[in-house]
Structures are given as structure tokens and as C-alpha cells.
Amino acid sequence: MDNIKIVFLEEPELKSPIMVEGLPGVGNVGKLAAEHLLEQVKATKFADIYSKFFPPQVLLDDDGVIRLVNNQLYYSKGSGDRPDIIFLTGDYQGLTPEGQYELSDYILQLSKKWKVKMIFTLGGYGIGKMIEKPRVLGAATDLDLVEEMKKKGVIFSKGEPGSGIVGASGLLLGLGKIEGIKAVCLMGETSGYFVDPKGAEAVLRVLASILNVEIDFSELETKAEQIDMITSKLKEIEQPPEPRREDLGYIG
Amino acid sequence: MDNIKIVFLEEPELKSPIMVEGLPGVGNVGKLAAEHLLEQVKATKFADIYSKFFPPQVLLDDDGVIRLVNNQLYYSKGSGDRPDIIFLTGDYQGLTPEGQYELSDYILQLSKKWKVKMIFTLGGYGIGKMIEKPRVLGAATDLDLVEEMKKKGVIFSKGEPGSGIVGASGLLLGLGKIEGIKAVCLMGETSGYFVDPKGAEAVLRVLASILNVEIDFSELETKAEQIDMITSKLKEIEQPPEPRREDLGYIG
Amino acid sequence: MDNIKIVFLEEPELKSPIMVEGLPGVGNVGKLAAEHLLEQVKATKFADIYSKFFPPQVLLDDDGVIRLVNNQLYYSKGSGDRPDIIFLTGDYQGLTPEGQYELSDYILQLSKKWKVKMIFTLGGYGIGKMIEKPRVLGAATDLDLVEEMKKKGVIFSKGEPGSGIVGASGLLLGLGKIEGIKAVCLMGETSGYFVDPKGAEAVLRVLASILNVEIDFSELETKAEQIDMITSKLKEIEQPPEPRREDLGYIG
Amino acid sequence: MDNIKIVFLEEPELKSPIMVEGLPGVGNVGKLAAEHLLEQVKATKFADIYSKFFPPQVLLDDDGVIRLVNNQLYYSKGSGDRPDIIFLTGDYQGLTPEGQYELSDYILQLSKKWKVKMIFTLGGYGIGKMIEKPRVLGAATDLDLVEEMKKKGVIFSKGEPGSGIVGASGLLLGLGKIEGIKAVCLMGETSGYFVDPKGAEAVLRVLASILNVEIDFSELETKAEQIDMITSKLKEIEQPPEPRREDLGYIG
């Protein structure tokens, strides 16, 4: 059995497309952002990628029909200033370091074949505490890209993230640089404790302006409010109202 | 050394056989069910499958003669409404995700060669509590099969199992669908805490009606009673009779 | 780099040799037994086996000269009733299931090339408590061998070991049986808590009689006494003299 | 994707170079020492080694430009008594035993091609307690080298390190010996609790004298003082001033 198997539903003709990657990760920020964007531009799925580097697992739809866990490729034709876009999203990242390398290399070989002009990888930057206004941090394959992104509001902050970027969002840049493919990673700040639509929105606001896409954020905002409600309830449970002094009398 | 090695005892000629898989898993429901069925139809073993994806282990028979852990293939010729059946059972599933994929792919390649018409994978659906009347949940490679199975009493319940199906029972469907092989997974509800003959019986009652097999369930029922006895004894130990109030006097 | 690499110091001509395997395992019984036997028959090392399935580690001799961890092959020419013998011992077994399979298969391919007549694998059978007179349990590739071994005092006890035999001592039998090589596993009972020369001696007394080898056991017996001394001291520490009743007065 | 990929910036012509390896390990002694030496001799990077045996991770420079984690090769031309030197350093060692073997074998194949005369591997010897004057212990591929190193002040101490040498610093010797490449491992004593510039300095003083290199140690010494300050502060926190007797009155 091949390590990785791609099944095409369609082979679209695209002109110097931009690739946008959003796979599961910290706060699921990248996946949420990529999926919201591909819904907004009404992108079309054109390929499924299966691999023995993913878990041996099938998922069920509402009717009871299964599908093997995978990564998925979507495309959206551009118009005016908006470029052709390929989206990479999916259920899982590779389970092992070797799997991570093989899968990212596979995507990059496809990208070269399809003359992908540039890759944006989306992810979360876990800071371990709740945050009201998440920043969007960046990393890039070269200094020109860094300068370009700064103009779009992306923050490049010395020493952040201190431990680098792990997983597909990092590898597509790292291996891409070796292969001569330009790539940028956009990371939305997130507590990392919950699925975080707020981090995804922050990332997407930056990306939308770069790609000249109009986005309706109401769905993400509704999700963010739901998460906010849950987390504030959890906070109440964790921090009960302070006991009156006399309640503690029997201790002291 | 090859990853997987098959040793044939016989190469039976079968007409569009049905394959029934039952390997170790949650509550051992699938293995119990498949093994009871193959005994009932007096199936004949025709191949042993060895693999370095299994543990490096031999088992001993009562005389002290060893055999390497493996998976096994049995066949039973049909008659009347009953189709030819191939059974896949064994000591272990693959130890790693890669092993799981390789082994399921191997079985599917054999299935294609043997023109297997359809695969039934059997398993348990762990619900974390004891259950009196286990339901049989289903999953299938396409919607027609779902409808067909519903008529046989299989329950397709939105969101169950929520995390999909892991292991051979899932992969044979997931990879099978890609290869164009029709397959259904039948899952008997089980606590998951014990080997569960009751869950196996539930699965088998459905499968027997689909395959037009007459089954004597008395052996499985005896096993179920034994397990029931053990578990109720365990419950007694865990929940000792409530102490009389005065026994606790020294606490309050 | 090859998975396994053999370096020959010599290529001895042997007549239908017997192979004796003793690698690290439960109570180190197998390795102790094989090494004591090869010293007693003054066997000669003729090959080193290196593998990336072993740990990435070198060991130092007393002078500070290193050697890569490995498995080793020794031979001893027979005379009279004593057959030619090949010994397999070493620092480690394969670290992963795959490594275990690959290494055992490698040894079996060599065995076939060298027309090895039979393999004895030596190991410990951990019973979780100290034992005065360890029995020697057996397992074999066929029933004739079982009968033959019973005559030599090997015990074949239904249900022991219940979980089969794991590692090289099991795999050489399991894979050997598939390859048509006769093999017996001899297991000396051991607590499994300590290196156990007593278990090794028990195994070796049986094997010596089978192979018609005269063995001086004094060295193993000295080691056994040392271990006995250590373990009885440990017991004293764990079980302090029972406190007199009044010492506990303040509890009750 | 290849397991290991090398990207050359330059292919220097070197005369029987010495290789010096210092990768991350106990107390980071080897990496600190190798990096300090290559800075002192103003070595030039000539190759990057990437591998799927490293973590799937990119690191960021101060500007936000990424690079894939890797190992790096530097060279320095000799003059007078000082030989040509190749340095091997990097972010990580291989994550798995197999990765360790493959990477060390890869380096050794390069070494043979480049006619490397001898390899020095640098590492730490963790002794689990703070140490004022770290010794430099040695291990070598043959006895002549041991004698030669003793004259340079390297200590060869029977039974140290008792568990041998694990990782690249060991494997380059172990595999090197099989390939006929002379190699020495120099281990600086270290607590193993902190990055340890003092251990690195000790190793480097020995190596500098062997390679006839003049080294300014002031930078390492400054780092060592900083670590000393941190560790003494930590000690204070862990060992608060002894409480006065009366403070404990309520216990006794």
C-alpha cells in the first residue's frame, strides 16, 4: 500500500494559485479559518488525500455512511484582484514526525506541479491564557515576505513563538523554502484551551485583506460568543463567590 | 522479511463470497460473534496470515505445541439462500496505525481477487455502562446499504458512534469504499468492561438473518450468564450493604 | 544503511549444528545459561550482528575501548555424542515488534543456510515470587519434540505460560515452524525480580543432558548464592521485626 | 521523500580533515563545545542536513524568517600544526533509534568520501550533582588511541560511563569502528541539570591542545558564571534558612 494516496474528483485548471492550509492544531484556529474562508468563497472539493500516517479510523455522516479520515483539497477560481486559491484542510495531521514530513513533502510536490505562487499556512499561537483581542503573528520563508506582511498588519515579534512552529504549518514553510516555494505562516493568538473562533477570525481578517476576499464573519462571531458563554460559565464554577469570613471560622 | 505473509492450507473455489470480519476489539464482541458463526456453519480454515505488525509472540496449545500469533481465514460453502462465506478472525489487530492500514489493504486485495461481493465487519460499541438489551448499530459504505440494513433491524443513529470506528472494522469499510467494495459494520452495544457474549449474540442475530444462517445461540447464552454472574459478584464487592447509622457514629 | 549487518571473524564448517539462543529477558535466565554453556565448551566467537533495531549505544571495555551493542554468534565443534553447536547471545533483543521479527527471520535464514538441525531457545518464566527449586517448562514446534523433551525432564504444563512466549525465544519457534525448522523453548522458573543464576542452572542441567555436555556449575552456583544473600538482606529491610503490641497502643 | 537530504552551500577541498561532532545532549556540553570552537576558528558553514528523523519543526530568526531544523557542517582550513577541521553540529539528534543509526551512518559515509582522518565526538557525562572541576573522560575505537589520549589528559576510568555512550557521540565511534574510521569520544562531567558551559570548557581545553588551536575561553566562562549565579539562587530557594527551634514548637 502506498504511504499516501490521492483520489481526484476533478482536475481544475488554475492560474498561479495561492494555497491556504488549515489543519487541526492549537485551538483549531487554522482549520476553522481555512474552512470558513472556503465556505465564503464557495470553493469546490477536487481531491481527497488518504494516508497510513493518519489514524486507522472512519467517520460517519448523519445517515450512517462512512468516509475514511483524510485531508481534502478545494479550489476557488479568482476574479478581479482575487487570485485562484487551493485550500488544504482535513481531519488530522500526520501522526508521526516521519508522517508529517512525508505529507508536507507530498503537498509541496503537488504545489510545484500546479505552479502554486505562494502558500499561506494558518495556525494558532497558544499563550496559555484567555485573550480578548488576539494578535496575528507571522513567520515567512524570506525577509521580503516579512516586510510585505508587516504592511498587512501581521506582527513579527522577536522570540515569538519561542519554540518555533511545529507540524504542517511549519513544515510547509521549512520544506517549501528548500524547494524554492514562498510561504507565510499566520498564527492567531489563542488560549489553546478551547476551539477558538476568535483567533480564527483574527487570522482571517488579515488573510482576507491580502487575498482581496470579502468575508462575512457573522458565523464565526456567533461561534465565538457560544465559546465565550461556555468559558465564562466554567470560570464561575472554578471560582465560586468568595465565602464570607464567618464561613471559615471553623478552620482558623 | 515481508510485512505480511500468508500460508494457504487450501485454496477453495468460492462463488461471490461474503466476507465476515471479527477481530479482537471493544468487549471482544466482533471476535466472539465471528467465531461463533464459523463454528455454527462448520467453516474450514484455509489460510494463516502472519505479520510483523502483530506482537512478537507465540501461543501454546494444551500439549505445549506453539503457533505464531496470526489472523486466520475460514470458508463455508453456501447452500440454498445461504451464500459462500469467508471468515477473517485472529489473535490481534495490527499494533500500529501503519500496520492497521497495511493489513486491511492486504485483506481487501485478497477480497478483490476472490470477487468478494460484500464485507460485514463486526465489532462492539462501548457505552461505558452495563446494558440489558444491546442494540446493533450500523455504518455502511453507501446509502443504499444503509436502507437495506435498516430493514434488517440495524439501527443507524445520528452521532453514534461519535468518534467514528477505529481499527480493522472501520478500515475495511473506509479503504473498501475507495476500492469499490461494499461493506457494512455491525456494532453490538457493550459496556466495554468485559468480554461480552450478549453483545456478540445481538450482532449475530442480525447477521444470521441477513445471511440466512440458522444459529444455535445456547453456547453464547451460557457464556453470557457466566459473565453476568461474575459481574454481579463484582458489583456486590464494590457496593457493600449500607452500614447501619450507628456504625458511623464515630465519624459524625 | 541495512537493517541488519553481520561481520564474520571466521566462517566455520559445521555438521548439522544445534543452535542455542540465550538473549536478555526475564531474570536474564536465557542469556546466563547460554553464556555459561559457551564458556564451558570453550566456544569461539565467529560473527557479530549489528542492527538499527538495537539501541544507538556503545559499550566500553575496561580499557576504554568501545564496541557497538550487538548480538554474537559462537561455535563449538562436537565430539563423540556431543553435536556441533552454534550459540546466539548478545546485549539486546530488537527494540520494536518489527525489529524482533526482522532479527529472528535473519537468524532463521542463516540457520537454513547452515543446515541447523534444531534450535533450543532459553528463557525465564516469571512467576512473581521467589522460588527454591525452579522447574523447567517447555514449548516446541511439534508434538514429537514435546514427547522427546518430556523424557528429558522438561515439564509441559497446560496453560503455562498462559500468555505464550514473547520475544526471540518465542519467535524463533514461531517463524521456525513456518520455515520447517524444529525448535524447543526451555524456560526456567524465576521470580523475575533479579538476575537469576538458579533458573539458568535448572535450564542448563536439562540442556546439558540433551546435548551430552559435561558442565561445571560451580560458577553459576556461586552467583546464585550471592543473589540469595542480597535478596534475603532486602527481605529483612522490607519486613522489619514485628513491633510489640504496646508500640501500637496509640493507634488503637 | 528521502530519509536524509543534504544541501551544499559550498564543497570545500580539505586535506585529511579531522571531524568534530557536538550535537545536543547531556548538559548540552558537546554542542556548546563544538560551537565555541567553530566560532574561535572562524569556521564556514558549507552544508545543511535535513531529515525526517528530526522533529517536524521550523525555528524563527529575530526577523521572523524560518529555517527547518537541521544538522550543519562547517569547515576550517588548517595552518601549521592545525589540521583542516569539519564541524558537525545542529538543533537535534535523530528522534528514534533507527533515525540515530541512519544519521550516523550517513555522516560516516560522507567522512569516508572526504577521507576524514579521525573523528572527535563531544558530549557530557551526567553525574547527577553539581561539580566544581569537571574531569574529561574518554572512549576510543582502539587501544592505541586510548594511550594517545591519556597523554593529553583524557581520563579513562574503568566502569565509567557504566551504561556506555548513547546517541550520535557513541554511534559515530561504534559504526566508525566497523567502517575502519578512528574515533574518540570526549565527555565533560556535568550535573546534567543545566546547560553546562563549564563542562564544555573542560572538553575544549583538551581538544584544543590535541588540535593545536588557540582558544579564548572568556565567552564560555561568562556563560558559566551566569549559570552559576542562577543555580546558587535556585539553591537558596530550595534550602531556606533553617527555622529557629521555637518555630517548630507546635510539631514536637
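Think of it as A, B, C and D in the order they're written, each chain with its own count starting at 1.
Everything below uses one rule, namely that contacts are C-beta pairs under 8 Å (C-beta built on N, C-alpha and C of every residue); 3 or more make two chains touch, one makes a residue touch a chain.
The structure presented is a predicted model; accordingly, all values stated were derived computationally and were not measured.
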| note | Joint neighbours (subunit C and subunit D) are none
| Where subunit A and subunit D touch, do the two copies share over half of their residue numbers, giving same, or under half, giving different? | different
| request: Overlay subunit A and subunit B by their C-alpha atoms and let me know the rotation angle in degrees, rounded to the nearest 5. | output: 90
| Quick one: subunit A and subunit D, Cα centre-to-centre, how many Å? | 37
| field | Interchain centroid distance [CA atoms averaged], subunit B/subunit D, Å | value | 53
| message | Where in subunit B do residues touch two or more of the other chains? | response | none
| Chain-to-chain touches, reported pairwise for every pair that qualifies | A-B, A-D, B-C, C-D
| Which of the residues in subunit D come into contact with subunit C in the complex? | 94, 97-98, 100-102, 104-106, 138-143, 146, 156-159, 161, 163-168, 170-171, 173-175, 177-178, 185
| field | Touching residues (chain side subunit D, partner subunit A) in the complex | value | 1, 5, 7, 50, 52-60, 62-69, 95
